[in-house]
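Take this structure, written in structure tokens, and hold onto it; I'll ask about it next.
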Amino acid sequence: MTDTNTRTGTGQPPTEDPSELDRTDPEAEIAARAEAYRNWGRWGDDDRLGTLNFIDDAKRAEAAALVRDGRAVSLSQSFDMNGPQKGWRRRTNPVHTMLDTGTDAERGNQGFPHGLGGADDVIAMPLQCSTQWDGLGHIFDHGRAWNGRRAGDVVTSDGDLVTGIEHAAGVIVSRGVLLDLGRHLNPETGELPDGYAITPAELRSCIEAQGASSSVGRGDIVVIRTGHLARARRDGWGDYAGGAAPGLSLTTAGWLHDTEIAAIATDTWGFEVRPNEFDVPAFQPLHQVAIPNIGLTIGELWDLEELAEACAELGRYEFLLTAAPLRITGAVGSPVNPIAVL
Amino acid sequence: MTDTNTRTGTGQPPTEDPSELDRTDPEAEIAARAEAYRNWGRWGDDDRLGTLNFIDDAKRAEAAALVRDGRAVSLSQSFDMNGPQKGWRRRTNPVHTMLDTGTDAERGNQGFPHGLGGADDVIAMPLQCSTQWDGLGHIFDHGRAWNGRRAGDVVTSDGDLVTGIEHAAGVIVSRGVLLDLGRHLNPETGELPDGYAITPAELRSCIEAQGASSSVGRGDIVVIRTGHLARARRDGWGDYAGGAAPGLSLTTAGWLHDTEIAAIATDTWGFEVRPNEFDVPAFQPLHQVAIPNIGLTIGELWDLEELAEACAELGRYEFLLTAAPLRITGAVGSPVNPIAVL
Amino acid sequence: MTDTNTRTGTGQPPTEDPSELDRTDPEAEIAARAEAYRNWGRWGDDDRLGTLNFIDDAKRAEAAALVRDGRAVSLSQSFDMNGPQKGWRRRTNPVHTMLDTGTDAERGNQGFPHGLGGADDVIAMPLQCSTQWDGLGHIFDHGRAWNGRRAGDVVTSDGDLVTGIEHAAGVIVSRGVLLDLGRHLNPETGELPDGYAITPAELRSCIEAQGASSSVGRGDIVVIRTGHLARARRDGWGDYAGGAAPGLSLTTAGWLHDTEIAAIATDTWGFEVRPNEFDVPAFQPLHQVAIPNIGLTIGELWDLEELAEACAELGRYEFLLTAAPLRITGAVGSPVNPIAVL
Amino acid sequence: MTDTNTRTGTGQPPTEDPSELDRTDPEAEIAARAEAYRNWGRWGDDDRLGTLNFIDDAKRAEAAALVRDGRAVSLSQSFDMNGPQKGWRRRTNPVHTMLDTGTDAERGNQGFPHGLGGADDVIAMPLQCSTQWDGLGHIFDHGRAWNGRRAGDVVTSDGDLVTGIEHAAGVIVSRGVLLDLGRHLNPETGELPDGYAITPAELRSCIEAQGASSSVGRGDIVVIRTGHLARARRDGWGDYAGGAAPGLSLTTAGWLHDTEIAAIATDTWGFEVRPNEFDVPAFQPLHQVAIPNIGLTIGELWDLEELAEACAELGRYEFLLTAAPLRITGAVGSPVNPIAVL
């Protein structure tokens, strides 16, 4: 698509050093990585799973074998009106209403026999409103979806006709690895500041510092803690949904690709660093490389606080992770309640 | 509440034989079992979990150790407009709409820089529309909710203020056991007919027939296959949601209580046999005993077809089951994608 | 677009006789009428209103002057779960839920001071689920929207960016005229059978039979009663939403154009006759002519029963009609409660 | 209910002077007015309309006769995500999504024959989110709804079973009168400040100043302009929804009752002055008198800017007002697009 990135022209991989990014040319920096790390065709023309293919039965058995204490931790934030959404692109917080209540049941106005009473409820919510997976149909690169398909052939008003999240319904159980960048880089506060771009070198040094249980490889699901959620809980949501945030640098694209991880998730709204690393208008460039090109499933708005406490306490950063999306036909994302078992 | 059931009066447990039920007196039959099997106070006055308390870390570790092949099976039906709901008590099928599409992205009208395109979506659905858990606030007995609380103190228009499903968010990982009553009782078709009331004796004989891996005890999550879903898939939904169905007899209440299972789920809309086992107006009497009195979490609309095939093939009926509800604050139920790992 | 319709080729207007339609060639029959009756550019390149432009202040003053008795009649069907929708293209019936109830208020659990209690509610509904207007962005002809714009420039996932129903918010007050085709053609039953195609000649004979108060001209809003709703009320909804129905023949396109009416509405789901008048696959051909080409605003699912009774009784078929859509930004349709004042 | 208000005890009507209110005793001040102005039983035990009963056919004919120029003005604010709602009591702005788009139609992926394309849409919204009517089931006084019914007999989780807004579907067409308090009290800015409590004396002086066309009497619908919306449009929504605002003083309760108006509406979120006129916790005391006791239908969030310009220009403050709620079964409120014709 472009030859302006000389590293690509010279056959060298794109830089892993954020200071070497051409901050005036997001098109070129994205294109270089899209080209270098594109997995199109790797799992056949009909593929609907991308890097989730790295998870196989053996991997799942290995993950289950990691369980020692049996302690389960939910990595989900709440789904309610007190969430961070502020309406950007019509993303609201979930609206949960009751079809029947205990107040009615107790008053006896429900019309059921023999003293039975019931309560039922309804929810209306964007699928990306709280703890969620981005499906492969969530992001496009120049009109192309995962595996090189035309975006308009994949996601219409009828939803994702090809790579809908339902195809991942029975897949996402694997070894999880927590990389607590917040604690690693800022041991005192455990939190990274807004705009902090995590580099590949820092990911590697975090793994090294955390020790052997943090090794990252094929089929793993990596969860990155920045501490942003802890900060938002303390200080108020502010612009947690959509504003400045710590997150992955665009330069981690190679690491995301080469480690052959199955999926990745963070405790931020948007996974990658915000503001993005350009001096000209840019928006989520790492998404543009990772989802349609690498085929990577990305989790956002995860709550890693309790897990981070547990891992630090146990000195163990690997666990069985079950994070099955709802089987919503044609969805480009899904709420999820990821469960780590240590 | 009542002394009309002589078995209770004589200190004998309620009958386990459906033919001995007084089919003219659901009030008495329910009350006898409510009284006999009530767990109120068992886990303290503040309890929010009921029988989910039977799952502890040791149980979860034991469950993880069951994994051999690493094969994962989703037990979830689809969430889409092709579901079984027909509007009873405002229960509709899920309505999934797009906030942004690939067609728009490809046409380039989304306003993003550097060729980025995106798709987002929204869902509106009853929390009991497809594969789901009934929370402890879902059913009341004479105006009383789980643990003896007044229904109107628990579930108002603001949702379940006490036992909302969010309290179970990090809990439901345990040993799962499939009891394939469909195959056990009807080896030829693998399906039970509508109105078939499964008895405690049949549950026991199924366990015995399936073998040691089917033993049921404290903290287990039992999944009962009746074959109803298989039939509905073949013949059309018809009245799958709310009509006649095979299911548990009211007389299984003692078994549900005494086995100390943590939760139970079926491949039917309503868990218990329909029509209910009375000649006078009755509605879901076993729910009335199980949820507010036993404190049992009940799953409905589960898809057990692939799991049943796998278990039959492997001759193994136990597995690691992760079935975490969405962390919806104050919900009396939740969609769930239960994952069995064999 | 086509020359296959010889009447067009010869400079003759398309036929008004349904028996002369080429039932094998909907493309040509539609194209002939689209070409003959297209109003593109008539009200300028920026027009957002189409034939609603025929309503001016003088017309509204004239309409108000028609009021004699002051009797008001709502022409709206109900908005609730008992409606006719069955899920076609995700059109459900409205789901209305409560955010607060009187039961809660009476029990005193709402937290308000000095004995105040409140009830609030929420609705989720397709904008075309019950009595409604089709906006100008509702239908396209070969990728073209009203006034010749490209459909994708007009209606994206963000809604109708050009001709959204909000532009008609303050416009639709005019003289209404009831044409009771049901009574006119079937005085005994007052109802037309499914598949009955109303012709221009029948519209004219109805006007003549009903008398002077039924004259139809510039800026009028015509409401056509077929009796279909009366039948559905009596016999059950059946396929009222989307199935066979009486309605306007494609051959009325010229009448719709030449009378210079501002809008038209019927007591059926789809305004035009169903099945459509072709022996090959066809769907709502008159919509394809009327909305994007003529620029006509169409009402559907109106309840004309009480109005028809009143008009027959009074011998007067004209009235003040106020039918303002909700001011929903970017909507391609809107629920409406049309009010006739006689 | 109380005798603490001596004016009631002495048979004197409650004060019309806000400075005489006992600011420490909202209970007593509300009770005095509830008792003095209660219309329970006035229109029979079965009444569902309250003061809307003041509108009869003659009144509507009189209203239609007011039309001179035929100029129509919509008094509705927009329904979209840019509205004032911030989530208080789960009141969100409307979420409008597309089921089908022009982008899809133009690309030809909708599956319709002969070049037909379509767009459809869906909305999810609180019924009180933008320009709306409060129905008679919206507010309760000490557990009592309009006409003295028990709140829990009227509004359950199933909606308003007695006084649902559908009963008013064909009623609300009458003479409208604009009282532009903003311009009257602050000719320079045309706006009242937050916390400004409009008194009965000011209502009367406004009527006198505006002249004969502003007389207020039986069956009229009064629309009160404070200028708050103009201010919010200029300065941003801020706390427009739920915060401080100009509005009617509790002391206007007698005026609301004695004038025998059918309904009243304002350009503010909450109709009455905010903060309310008490030094102890209080919330919408005038609602508590007006809706359940007087039986008054109240409109909020109306846009009176264009109307006020027109009235000032014409020197005429009366008009035909059609403000029919949607026929939503069991709703305690409804969005509305009120149309004034001058």
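The first chain written gets the first letter, and so on, giving A, B, C and D; residue counts start at 1 in each chain.
Everything that follows uses one rule, which is that contacts are C-beta pairs under 8 Å (C-beta built on N, C-alpha and C of every residue); 3 or more make two chains touch, one makes a residue touch a chain.
The structure presented is a predicted model; accordingly, all values stated were derived computationally and were not measured.
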Same-site or different-site touching of subunit B by its copy subunit C, using the half cut: same
Between B-D and A-D, the pair joined by more C-beta contacts: A-D
Computed distance of Cα centres, subunit D from subunit C, in Å: 30
Distance between chain centroids, defined by C-alpha means - subunit B, subunit D (Å): 46
Residues of subunit B engaged with two or more neighbouring chains: 90, 95-101, 103-104, 106-107, 109, 122, 124, 152-153, 156-157
Residues of subunit A touching subunit C in the complex: 95, 97-99, 101, 103-104, 106-107, 109, 122, 124, 157
Contacting residues of subunit B [partner subunit A, same complex]: 26-27, 30, 56-65, 67-74, 76-80, 82, 89-91, 94, 96-103, 105-108, 112-128, 130-131, 137-143, 145, 150-160, 166, 169-171, 173, 280-285, 287-288, 320, 322, 324-333, 335-337, 339, 341
